[in-house]
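Just below sit the structures, each encoded as structure tokens.
One chain, chain A, appears in both complexes that follow, with chain B as partner in the first and chain C in the second.
Let's look at the complex of A and B:
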């Protein structure tokens, strides 16, 4: 009982939490190598040597920060990512947190991420980190809305808010084909919530690192790790909601989930540095004027398809 | 044992360096950016090494001490053609005068720092707020009444003016940034008042250091020079400026590519260079540099554009270019190009078009060995140099930036050249770096 409901689920989640961000760092290294010469200890060792440097570097303090909130924010973001990973079903029975409302729980994780990211930027009590926090809060709501609409779209054919039911409903046709707008919209939200590439507005170069501009040492390691872990959780939910989760021929279900997650991560790692950072003004317009209406279209599409 | 194992692993990562640029320190920055062993960072909190490149005037040494103290321990310092702060212990100081030796010296210093504890830089300033907490008033906020105080010497966060954008009155935030903020021109310091991420007020506290140009622009004021050499130097200057804009846009690989092209400019095959640049420009467009990143704001008014001169004036539709009056350029059928909008995007369109034009002019001038005809004026990348050199115009920002979002303001700043022209030419590197532009 304890083994099945506590030890094993916790082990899977921790394994995904450690391996996922590491593999994402390796993929990032591969993408960087394809874009220009890099030197260092090689693709596999580079993330570890970077992590080792962060561990050696001291954690600094700023002038009169909200100390507890500042130290807690990266850990909270990591906890949210772990919560997301716990929802990913690896097979019909192999789910760390199999609840009837797992889609709603994922929605709350996205919403709480806004609070945590603001906390990280605000509690340092420095100017550039605060601007990064403001930026995220200004945009966070639009990200969450788009994500929720496309996820309601996948809940309709499943007639359930449980992610395992969402996968079962894709036996005949995966949602990526049934609702073609859903996955691209969801992946854009993934890049935005983890502020990577063109949507890196909170931790951007123009703010010298934004919410983490004044963070160093182990605290920075946890923050960067949490950002990566959140993207891994996103790829897990994307795999579940749109790519049929464990469904696939020949191989065991968990392997299919791992392959699909890696494919989504590779796509996101490639998309990151491929485009210039969008201006916040244009990002607001893109989210509210283009992507949110597209999310409505996706939902109507899913509704009509469910009725037929 | 465990620590040494961790340190050995950490020493294999690229060296995180925060460059604090003094006078004539830019060449060091460009060399770092092209070295795969170095990771240039924009915040001192993210670095293990403080590189001070170029001379730092005495008035800025206190600011340098503040930057120095922001680096998290353990860290050390390296001084490129700069006099180290006197209070630093000898062990924490490495001085380098050769550009070629710089990346190696940084890697060596970092390795030494991680291997043993000697050479670690100490704190220079007391770990106390610059303005002590006054502890007065009902809420210990430093003054009388609810919001009357100035805790830590700074005004309380209250919106004194109407919001410039959407009426959402967020707290105002006033701070000084510079003179070593890496996303601004070296030496530039300003006091900024933000409301949310919108600039409400911008006042210049210290002008950027004068910018040194390639020697050929100075020679052109004394005697006729080869147009090919002059145009190659012009293209190089603009490509180096493009590096900053692309770094700001998050396009790191293209930023490095621009620098590699810039380094190939003085001696590379001009036809190949032109071809590479055309392909590079296509990549800039495909990857959203214009559509996603560059704002259509920061437009100069006619009078401002006239006072700014150079490409910024031509981007605002003012047809003014000394080259059009030079017989040497006339024989090459030089035609002036202009844009109309005069904003940030138009300035980069203008600069990219002028780079392509420079390559074209250089190719034709090289073939026919053409020289400039006049010496009383020269068109520098910064603007026309007649009797006086182009002057500092950073005060334009006080009018240009309020109302812009922070990122738009930085993109606008990166699209302009505001520093005065230095009376001395810059030293040309003797060789090109190891990587080609291809």
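Let's look at the complex of A and C:
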């Protein structure tokens, strides 16, 4: 029992936490190579050499930062990502954090991520990092409602807030087909929570790196690692909520989850650079005027479907 | 699986953490820091609610307070003219009244904790806390909760509309006007209007 409830789920969570960000970096390299003729170190070694370079780089200091918050923010972001991964059910029995409200707990991880990313930019006490932090809060407050409506839509057919029940409710039909608006909207949330691609408002190049403009060394390594780990955790939740989690023929459940997570990661790694970054003002308008009503439509769709 | 000792230890640690961070709210010198210390305190209380098997309310505390404290920090910085919130400022005022109110409420709450008789009713094993909470919220008490919800929403919108009517540089409807260099003086840094020229000719002097 201890093997099923503790050892195996935790092993998978930790493996995903370590391997996931690395594979994401490799996928990023693959996408970059396929989109343009970049020459450089091999895609399998590049993430490791970049990580080693950050690790031995000296750690930057700014004038009068909020030292504790600044040092803690990357670690807290990583902790939130690990907490998100712990919610992913790897099989019917292998769930690291199996509580009745795991779907809501993921929602709170998204909400707390906003606080942590704001802290990262605010506590450095420099101009560009602060602009990045405020931009991220504007984005975070916009996408969090979309995320909640989409997730409530997933909970409706399951008649439960537990992610395991959400998966068993997809026995006949996966939610990606049952609620066609759900996954596209949720993928946008994933890009926003890790500020990648079109939604990279916080750490963008127009702010010389935004919230991490003045962060270097091991602190920067943890920050970038946490950003990737958060996307891995997000892909785990997307797999659970829309792609049937462990459900699938022939292979054991945990492998299905891992394959589906990789597929979602590859899609997100392609979506990021495929779309241009949106201006912050237009991005917020897009979220509230277009995407939020679409999330309403998704929720109504899910409700009607659950009643029929 | 029950670990009463582990639950007790977790409760004591979380309670101490909640009290410590709650105390730090008033000892720090920045509004942003104060908001996030309050957030930490609420997170510890939410975890205590999880220990009490309030599975939904405990988790709801995390996301409610996460967004709420973020918005609160932001609005305090916007409306209280302390850009970025890193400038040191005094977080307490009205000392005598605050000390009196603090002592009075501590005595009342402590007396309740010591003197009140709390019922000893262990949860039945088959109780489903989340569905029963949902039935309560959207069943018999629906009218109450929905009316309170609509009133709160109307209050929030009203407060934002009223408070944002006059911004830092004047009425919101008239566009941004920087304050003058001397009290009551001309807006600083604004180019003089040359009406006779016309024709959309804008430049800085």
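In this section, the second predicted complex is superposed on the first by the 296 of 308 C-alpha atoms of A that agree within 3 Å, B and C clash if a C-alpha of one lies under 4 Å from a C-alpha of the other, contacts with A are read in each partner's own complex, and residues count from 1 in each chain.
To be clear about the criterion, a residue touches a chain if its C-beta (ideal position, glycine included) is under 8 Å from a C-beta of that chain, and two chains touch if they have at least 3 such contacts.
From a predicted model like this one, the values you see are computed outputs, not experimental measurements.
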First, second, both or neither for A:66, with chain B first and chain C second: second
Greater residue coverage of chain A in the superposed arrangement, chain B or chain C: B
Chain B versus chain C as contact partner of A:55, first or second or both or neither: first
Touching partner for A:115 - first (chain B), second (chain C), both, neither: second
Which superposed partner A:3 touches (first chain B, second chain C, both, neither): neither
Partner chain in contact with A:101 - chain B first, chain C second, else both or neither: second
Touching partner for A:130 - first (chain B), second (chain C), both, neither: both
Which superposed partner A:307 touches (first chain B, second chain C, both, neither): neither
First, second, both or neither for A:216, with chain B first and chain C second: first
Where chain A meets both chain C and chain B, residue numbers: 64, 130, 134
Partner chain B, residues of chain A touching it in the complex: 32, 35-41, 45-46, 48-50, 52-53, 55-60, 63-64, 127, 130-131, 134-135, 138, 197-198, 200-201, 204-209, 213-217, 220, 273-282
Contacting residues of chain C [partner chain A, same complex]: 30, 32-33, 36, 39, 50, 55-56, 59-60, 62-63, 66-67, 69-71, 73-74, 84-86, 128-130
Residue ranges of chain A in contact with chain C within the complex: 64, 66, 69, 99-101, 104-105, 107-108, 110-112, 114-115, 118-119, 122, 125, 130, 134, 137, 140-141, 144, 161
Interface residues, chain B side, partner chain A - complex: 3, 6-7, 9-14, 16, 36-37, 41-43, 45-46, 48, 70, 72-74, 114, 129, 152, 170, 173, 175, 177, 181-183, 194, 196-197, 247-253, 256-257, 287-289, 292-293, 295, 405-408, 410-411, 435
